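The structures considered in this document are given below.
Two complexes follow with subunit A in common, the first pairing it with subunit B and the second with subunit C.
And now, the complex of A and B:
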């Protein structure tokens, strides 16, 4: 894959009433498809003569305000709904439940420019003109189903300006893939020993200062799968006291000490053979093939920009080439 | 050639993309002071029993006394100005997106071609000036302040935008002087504002309007943000008001309903209603355009696009204004 010549920052995009439901099981933040799809749509609207392609997207969230109501801290949260216009006979229409979220996000996009390159970026009128142009184009679009109400600024960076880009993102949290953490948790549940992901993204057993392995709070269960581990991440255990004379119950979650983990839909798996274009009845478009799919879940992690991996390209989400009926959005480690 | 049928999946994006309105406040005696935000707070009151009672209770003095003694406690949200501020400032923005008649989703390419053809015919013949003027009038007469408009002494409206890289501002000194029930009036700057909207709809420029109203409602007076629609309130609070980052606000849907209240073309029209498929007005519980009489959106639209019988000019304006509003109009059987 070609490397990006530039990075394009859409700083503090305010999105109003975006879709807060990211998959059949998770809510609170739009799915990655919402952001990648918006940039993909933007890419398709760019004039071909510019010779510019947009690539991977880094998603950084500054502010996230899910539109819900919770009467008190122990109650269930319900999404605030909106009323629909009346039906033809004057009856009130049924409420179709929706989840909405107001967001402030920054998107950093890889930009590849094929023909001659912008020299001296900050003073190049062509580059800044192009920035204004794409900013207006993105303003006219939806992102994750929500309207864009404002974009702070749009700026191009050269690929060596990694520190400047990180500084521009602050303060925010960047959405990262935490598939390795999921594997570590799976292994921990299987072996009954604590496992952690080290700085080289490898899974290793955790040890105390004498080098002895640390046992997990839960006994080993050899038949545990990654799905059990994903459910375990959402579980809070209340463990009874170990010693007879103690009355202290402990709250325990396997995700403590691993960062801010969240379940994350990362794409789809086809569950039936694809239909050719125009074959499926009542499909949204007759121009492209379609297929019935199910959501694939993994684990994601919100990371503060200072703690992003040294290899910056690893922070960008990209559409993976579909294979084995899998349509995934991945953060492949760059080579 | 097969007969043309309505696409089963057909949707339009809204072309007037309106943000939430946020409420701040200021003292008219100190116009240069910094505006502070209007907060939503909770209040608990002991209500009186004032509902209609059954005859058996109402006619029996002891039973009535017993009923009256019930406390009827209520907790509600309320928003007021501070006791040293008398002016409500409501602010929102309106993006005007190009309108070509192209649906955002359509699964029938023959139908889409006919539809775009029909709409471009309208645009060539009538243009968007009439619609733009009415949208502009609804901004200038402050209809969108709803109940806040009623109690206000004076309302100043300011509209800012950037056209061709130049900042432009329009001021309207007295919004309450302009009538709500017809559009036969003029104001300085109104035609300028409708020009901008028309420009945006024609796609000649990227237009985003920043609208601000200063309504003098009196020291400590109540103001009216939107109320949230909550399906399960847990019976604790009977009214929850909308707030954005602790600031009282009005839903974008509510503002945009007021802006598109331009339909004076329905039969025996006394006042404008919002451009809606059935001319629905929720507060009156009435649909002003009944399919039985054949003047609802779907009948007019289908006749126009499928059969090529153009409705009257007024009805054409109405159909186009519903398309500009956006919505799902497919023939999948769900209204």
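And now, the complex of A and C:
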């Protein structure tokens, strides 16, 4: 939706016990689909007579409290589990592991109002009434599998009020796509030379002040795939002191200088041909076609709101039109 | 894969059967050895009989017949399994062939270097999965299952002496590997997602039901890769040597902040063979946002006259670090000036997070017991104005004159710290700088007051 004429801010949504396991390879913040799906569901519930549609979603996280236990700082964490009610025959139910997270997020949603605009937005009673209405609707929904316990407030912005929107999000971190960084890291592992994403979103080798290429912490491996790069993002290299430079051990991470990178599930890919509607037995819907899929990963980046790109449109996640067997949630490209 | 010959396949099959035989018959072989040294005739006979039974069971015609007719029907193979989503899910598994490459910035099963074949079902039939995973050929790079799914010509007559019977077995194996797709079935415990196909999904009623399966072959590859990085002898040695003065120091890696989920509880074999090999454990990588300094922990000392002190600086350290870096950087380039603005905004954001928490969460009237300046009390304890007997407070609060003093305190706080820590360039922070801090604070204060619908002068 490129013609959003308003933006709707759900400020400080508190979500209890959302799903912390965002995919088969990552935990922490719920997957994007949890938020986009909730807004999509909200959009479906809006009365048609309003002539209002919701578009892309900006996700900002204020607070993220994963319910886990880590015996000491270097140990692997396990998720806190809950005992579920007894089965019908009185046996204890088996524990199927789940991961929960308590969240405070702000969502900024593109709004398109087709027929007439709200005059004098900040004082417009209809606009504020509509805000209250959608806030109440969202309160009744689940977001990312968790219950909404409170929403700070709901406010409409006009599209030129970018600075006000950014100020309203503070302090928080906004989730951005970092697919280019994943490519740069893959190149770095393949060539053994540091690569960076420049301001035009292109990948180039990194150089020091004299123009000499900077070596990576790992020797070049031609066989490296994006999956290796994903694991590399979580890896910390401990390098012994150089004889001349220093006496201290150094730590090197491929993330340094690139921002706060995280693995990010961005959608699904079909792993078998799609079935026609009603063909797959025990499918929850016989109305629509169905398909077996697997989660697709990329990299994401948590960005402080002041560092967001000039082009504000770029910060909004949308359902892309499926192609090549891929069902993705994307942000518009930079250029 | 082209240079695989029939002899290679036959060698692989007989090698596999021999291994299975040795594994199962090991106790009896030992018993036989023992009996022979003791010259115990009865025991020798018993052990030999037992061995003969094993040999019969693992002879090619018997075992392959059993494998094709019984085991193949009792196992469900796949690279993506249904039970990984929920152990009770009884939907199809999918064997995904990673032929079509993904765009370079995406990661899926194609990104793994090698995908193992996973299986679940009757545990007694699991040797068949090992059979399919038998490497073939001199290089050992090709798996038997790859040949079977591709109908490789070298397989002809390998599974039985009779050509027709061999082909029949091959078809049965192939059917088991590919999985039946003519009657696809999923399960209520499988996650199912109604996915909008594009942005106009609501208008065109254009959805598809996606059924995600657990990519156990991919997660197995990740599990092994992480274990290899962490626990390889080389890495462990380098890590141990770090704190030994005499040893040679070498680089090592650590992977921290991981979480573990256990699939299948105490019976991971119920989920799948690969899951069982991992003891049900799966590594998850963290995708948490950075942690902001918690505003919960912030306290005001009862004798403090202002909140703009060292304690607040500690609680807004992220912005300060940023500010510090900007000041150290070469002066007054355009980009640096922009960065300074950002750092200032970051400090403000953190200050206001704390302020808003105090304003909204602390009980109204808390400031009565504190020595703070009145201006900061008006700012941080606005609800006190609504309490009984606080008419004077309310009047002064509404008048809004206090804002100027808060803004001044903020600018002073910032400037003082800059002068203290950057003594060499202390004179650079003069009136112009201070008025810049004031402007930024004033605008932030205005936004914050408006947010809560408070009067702002």
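General remarks:
Rule of thumb we're sticking to: the second predicted complex is superposed on the first by the 318 of 335 C-alpha atoms of A that agree within 3 Å, B and C clash if a C-alpha of one lies under 4 Å from a C-alpha of the other, contacts with A are read in each partner's own complex, and residues count from 1 in each chain.
Here is the rule we use: a residue touches a chain if its C-beta (ideal position, glycine included) is under 8 Å from a C-beta of that chain, and two chains touch if they have at least 3 such contacts.
Not measured: the values here are computed from a predicted model.
Steric overlap between subunit B and subunit C is absent once the structures are superposed on subunit A; the two fit side by side.
By the document's definition of touching, of the two partners only subunit B reaches A:71; subunit C does not.
Of the two partners subunit B and subunit C, more subunit A residues are in touch with C. In the superposition on chain A, A:284 contacts both subunit B and subunit C. When the two structures are aligned on the shared chain, A:170 is found in touch with subunit C, with no touch to subunit B.
In the superposed model, A:16 lies in contact with subunit B only, and not with subunit C. Touch criterion not met for A:112: it reaches neither subunit B nor subunit C.
Once the two complexes are overlaid on the shared chain, A:102 sits against subunit B while remaining clear of subunit C.
In the superposition on chain A, A:85 makes contact with subunit B only, while subunit C stays out of contact range. Centres of mass aside, this uses C-alpha centres: at subunit A, the angle toward subunit B and subunit C in the superposed model is 80 degrees, to the nearest 10. Looking at the shared chain after the overlay, A:142 reaches subunit B, while subunit C stays out of its contact range.
Once both structures are fitted on chain A, no C-alpha atom of subunit B lies closer than 5 Å to one of subunit C.
When the two complexes are laid over each other on chain A, subunit A has residues 76, 78, 95, 97, 281-285 in contact with both subunit B and subunit C. Residues of subunit A touching subunit C in their complex: 1, 21-22, 24-29, 33, 37, 40, 43-44, 53, 55, 61-64, 66, 68, 73-74, 76-79, 94-97, 99, 153, 164, 167-168, 170-173, 175, 179-180, 182-183, 186, 217, 223, 225-228, 230-231, 233-241, 249, 260, 262-264, 266, 268-269, 271-272, 274-275, 279-285, 288-300, 302, 304, 306-307, 318-322, 324-327. Those residues of subunit B that touch subunit A in the complex are listed here as 8-9, 13, 17, 19-20, 93, 95, 97-98, 105-109, 206, 208, 228-234, 236-237, 240, 244-245, 251-253, 276-278, 280-282, 285-287, 290-291, 296, 332, 335. Residues 16-17, 65, 69, 71-72, 75-76, 78, 80-83, 85-90, 92-93, 95, 97, 102, 136, 139-140, 142, 147, 149-150, 281-287 of subunit A are the ones touching subunit B in the complex.
Those residues of subunit C that touch subunit A in the shared complex are 79-80, 84, 86-87, 91-92, 94, 96, 100, 102, 104-109, 111-113, 181, 183-188, 192-199, 201-202, 207-215, 218-219, 221-222, 225-226, 229, 239, 242, 249-263, 265, 282-292, 342, 345-346, 348-350, 352-353, 444, 447, 451.
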